Amino acid sequence: MRLFSTAKLVAGLLVASVFITGAMAADNMKIDHNKIVALSEAGVFGQFNTYKINSNYYKLSQAERDEAVKEVEALVKKHSDSVRVDAYLTRGLESESDFLFRVNGYDPSLVQKFLYCFKATTIGRYSDITFAINGITKGLNHATKEKAPALLDALKSTKYSEKPPKYAFVLPITKNAVWWNKTENEKLALMKDHTIPTLPFLVNINRKLYHSTGIDDADWITYFETNDLKAFNDLNIKLFSVSENLDNVRYGKPTIMGQIMPVADVFQKLSK
Amino acid sequence: MRLFSTAKLVAGLLVASVFITGAMAADNMKIDHNKIVALSEAGVFGQFNTYKINSNYYKLSQAERDEAVKEVEALVKKHSDSVRVDAYLTRGLESESDFLFRVNGYDPSLVQKFLYCFKATTIGRYSDITFAINGITKGLNHATKEKAPALLDALKSTKYSEKPPKYAFVLPITKNAVWWNKTENEKLALMKDHTIPTLPFLVNINRKLYHSTGIDDADWITYFETNDLKAFNDLNIKLFSVSENLDNVRYGKPTIMGQIMPVADVFQKLSK
Amino acid sequence: MRLFSTAKLVAGLLVASVFITGAMAADNMKIDHNKIVALSEAGVFGQFNTYKINSNYYKLSQAERDEAVKEVEALVKKHSDSVRVDAYLTRGLESESDFLFRVNGYDPSLVQKFLYCFKATTIGRYSDITFAINGITKGLNHATKEKAPALLDALKSTKYSEKPPKYAFVLPITKNAVWWNKTENEKLALMKDHTIPTLPFLVNINRKLYHSTGIDDADWITYFETNDLKAFNDLNIKLFSVSENLDNVRYGKPTIMGQIMPVADVFQKLSK
Amino acid sequence: MRLFSTAKLVAGLLVASVFITGAMAADNMKIDHNKIVALSEAGVFGQFNTYKINSNYYKLSQAERDEAVKEVEALVKKHSDSVRVDAYLTRGLESESDFLFRVNGYDPSLVQKFLYCFKATTIGRYSDITFAINGITKGLNHATKEKAPALLDALKSTKYSEKPPKYAFVLPITKNAVWWNKTENEKLALMKDHTIPTLPFLVNINRKLYHSTGIDDADWITYFETNDLKAFNDLNIKLFSVSENLDNVRYGKPTIMGQIMPVADVFQKLSK
Amino acid sequence: MRLFSTAKLVAGLLVASVFITGAMAADNMKIDHNKIVALSEAGVFGQFNTYKINSNYYKLSQAERDEAVKEVEALVKKHSDSVRVDAYLTRGLESESDFLFRVNGYDPSLVQKFLYCFKATTIGRYSDITFAINGITKGLNHATKEKAPALLDALKSTKYSEKPPKYAFVLPITKNAVWWNKTENEKLALMKDHTIPTLPFLVNINRKLYHSTGIDDADWITYFETNDLKAFNDLNIKLFSVSENLDNVRYGKPTIMGQIMPVADVFQKLSK
């Protein structure tokens, strides 16, 4: 099952550009973990789910809980050809969750399959899902090579160059109808407006973008990784201080902060 | 019990057109599954309910759970003369639910009957309803043959022509009082505005409309089926980028995404 | 205890008209079921409560549940001198409830008494109240005989003339401060504006009004009964399409739809 | 511990008037129940909490529940030197609660002490707190003897003169920044505007005001007692129909209605 | 793990000043409790979490509960090199919680570690987290020595000089995009506007500020300590009455009030 079918489009009406990437070359294709974690391809479906472990889990013996951690680890491995699973410890930082899953894949039904299989594990049975949001990667809508070559060059030349980041942040963003009704050129100008002040921060903050308009109750899911909370706060202040922010009607709500950890570590810490 | 009674209208005051269709020809009439799934008739009542299965269900043995799946399958069959039941797997994609029912019928009380009988099944007992919304089909309010013949022709000539769709989306939509206070001609113009850019997408996205104003807390329930999430995202961006969107006060919230499956498959996957 | 006491008013300051009706003639007066269901009197207190039955109820034997139904039936009868109880099946149509009570009486404390006694029945013990709203009937604020004789005549001459209605809808309505700050004449004009287009619908839709400003978190509770959902949708579209709607800040939320049934029938259906 | 410490104020900057009343004369002072119920003093801390009794309470025997009622009665008596406890039956009228406590005292920590001791009683253990809001009494901000002598005289000369009131209403109120940015004279004018039309209602409606800005999520808690729901509805319509209402951003939400009863009566009714 | 990494910034684009303080001099540095409670350093991460104890805790024997209190006390001591834990009793004052933790440290992962270790204690197991918000301290954005020397002097010369404060208040604050789009000078002017009227209150109200933009769903967390609720109410009225308040879109929600107590005292009171 491919995420994108080749649409037979009514001639003359279609203006949206169509991205045909490697992700769409074959059914049930194996994922390339390096590529999918980089989100360098269009056509990636990403599901962000948070969960809370209910108190009955802790009535199991420590041995049973240790076994339960291994079960999740094995499940992630089993599905690793079709989905990339990232896990984050949110307990202590968030009221609504103990952990966060970010699951990336080309085929939404295989992403879903991992997640309903997880629900059937011991830890899944004792966990309640508390938030879910999804989106897709695609080519940039506005900042294309033709229209904004300098901006794209700056973006490319500014790479994360710090120690591996320890914290991740997930913030859904929604714009109002006024913004959506602007022309492409107006949107491009605003895009530059908000991107340029953030460039200095890209050396120690990673950023990924998923598109969700119509697919879920947000326009975008922005995902960040960093070690430097002050830089992250300053970056957001930059984003708040441009005129484009006047058209933001959702920014966070929730803002999810988690500690980046291997899957087994997250569940070991939650199993003590 | 018919959905529509023949209203004895106060002469001279009624301007709303009355749709008398086959659906209203007889009491307790049998539904025609092809017609009702196409929603080609006015007078169809549609109920969309999501449910979450509570953890005690999984304390039943696998055999009991397998039996429970058959029980729902039999119930759907038993009611198939009066209601059409579609089921969707939402676990993993949604936080608020594990599955979605869409139940269509001519008689709301028979739609309700199926649903309270479902609640009395084993799976129903272990399921909590988490969202419910309903609406009716009726003739288009504005884009009539007389007023918009070209648009209607374009709509008719653009048919879904892809592999059977795998994903469904349910989005309630509400407009503000400014929109409702526009004249019929203004509304028709806006309608064209938002419909024309979406025509290219109809080849790989199915769309159905239910009217809910006053019946439930939305003006319309829009229901979509597709295999192509990027096309669906692009379609929604088109709908967001027309001026009519300035008068949308609800669009989704919730946006429900489910995988389209036979009823038995949905519950088998949830019963493992 | 009478709902209305005879206020000793500060002379010269009181402008609100005082309605002294039969309902206020005597303490602990017996209700007249015909009058109270017609709400033709001012001075009626109406309480609308929805409930959800929790799953433990179904661990009782069928015999115990049958007994539980009879217990509620007997309670309603016992209180029938002081309150009129209407019951509605909402299971399947609503996510937040299984049934709705509408309890009308002259004395709020006797309405409350029925409801806390209900809570002490078997079904009451297993039911959680999920929504509650109340209001009172009183003379029309604006459309009086002197100011709007033609409108009142039209209202009186248009009576429900269909088969007994099967569905009820409850919609709380709240207006903003702009509306409340209009003059009496402006309000009367708006009242006519919204009433005239609805007259044709009164032949197959019943409508009752309760006043709630300050008493509860809405200005009015509108209660409807009908068999014809399309007519009801069209009626609401009329109400949405007048300028008065610009000042509505709440319309529904929740919109509660229930099937009208004798009390015993509601609980029998919920007890299987 | 006194509620108000004698602030050593930075000279020349302080404009707020300071109310030094009898309530602040001594630490741990005994409350005077007549004064504190009248709220005639500044410096009273009032806590309004609603609670719902969970179903397990009714698994206790009737004798145990009778004992539980006496336990609360004794606790109220034990704390009567430091706090005044008023109780209200809300079951049947409200979905979110079964009863309401209003606890007044000079010392917030003693008010809190009564409430955490209540939580340790049998009924407290089986009760979940569902809403909490607090505020303080202080001198009127705007309508002082110097600025509005006629208004104050009218307020003083209009006393509740009916049978003891049976119903209480609690409504939190919040104004927007536009209102808060008005000058003192503008605020005084608005204050007169809203007070004068309400004077006729004071003969059968009691009203008390608590200030909450910054202390809790409202600007004021308004507390009313009456027998006459129509008068109360009319009073609120007066308050809604003045221009000041344009700056109200919260009015109720929740509006809590309870029946005024001795503490023991409330819990006896809830214990059957 | 340090909170702040030394960012390699893209030259010429960075305008935000960078605060390099003692807090960032070494990895896993021991905290200085005097400094960290004063929040006199930039680079402090603060986590505010509220919890509710569920009723099953009270099924433990008193001896077990006494032991549970000691367990938390020991945990706080064990982590005292890396985090400062303050505890507050909220039961009786708040509906959503029984107690509040404020945990300050230089390293967010060590703050989180204390909190997930707390969750593994007996009291932690029986407690549900109900609200969580975090932020960081940093140098003042606008009121710098260069730009506002007089204001800074006034702030420094006004110190809390009363008996140890008994009550703490936590209020998240968010400003709208209009405010964020103002120039630095405009923001500085507004800052003075709101700070000057509050100076007289600093003698009996402590105030601390955490920055949260992008890190959590608020722009700032304001934390107050006082004995004088009337002064605190008056202080807030000052903050509400300046034009800057026109751009506040969140102020509280929740406003959390707790009684300041040693950790052991909080849990002893909750364990009876």
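Things worth noting here:
Here the chain labels run A, B, C, D and E in written order, and each chain numbers its own residues starting at 1.
Following the convention adopted for this analysis, contacts are C-beta pairs under 8 Å (C-beta built on N, C-alpha and C of every residue); 3 or more make two chains touch, one makes a residue touch a chain.
Not measured: the values here are computed from a predicted model.
Path length between subunit C and subunit E in the touching-chain graph (shortest route): 2.
Taken over every residue number at the interface, the positions common to subunit D and subunit E amount to under half, indicating a different-residue contact.
Rounded to a whole number, the gap between the C-alpha centres of subunit A and subunit C is 47 angstrom.
With centres set at the average Cα position, the gap from subunit B to subunit C is 29 Å. Among all residues of subunit E, none touch two or more other chains. If you sketch which chains touch which, the chains form one closed loop in which each chain touches exactly two neighbours.
On the subunit B side of its complex with subunit A, the touching residues are 55, 58, 89, 91-95, 158, 161-163, 166-167, 169, 171, 196-197, 199-204, 227-243, 245-246, 248, 252-255, 257, 259, 269-270, 272. Those residues of subunit A that touch subunit B in the complex are listed here as 1-5, 7-10, 13-16, 18-19, 42-43, 45, 47, 49-50, 54, 108-109, 111-116, 118-120, 125-126, 129-132, 134, 136, 138, 141, 177-178, 180-181, 211-217.
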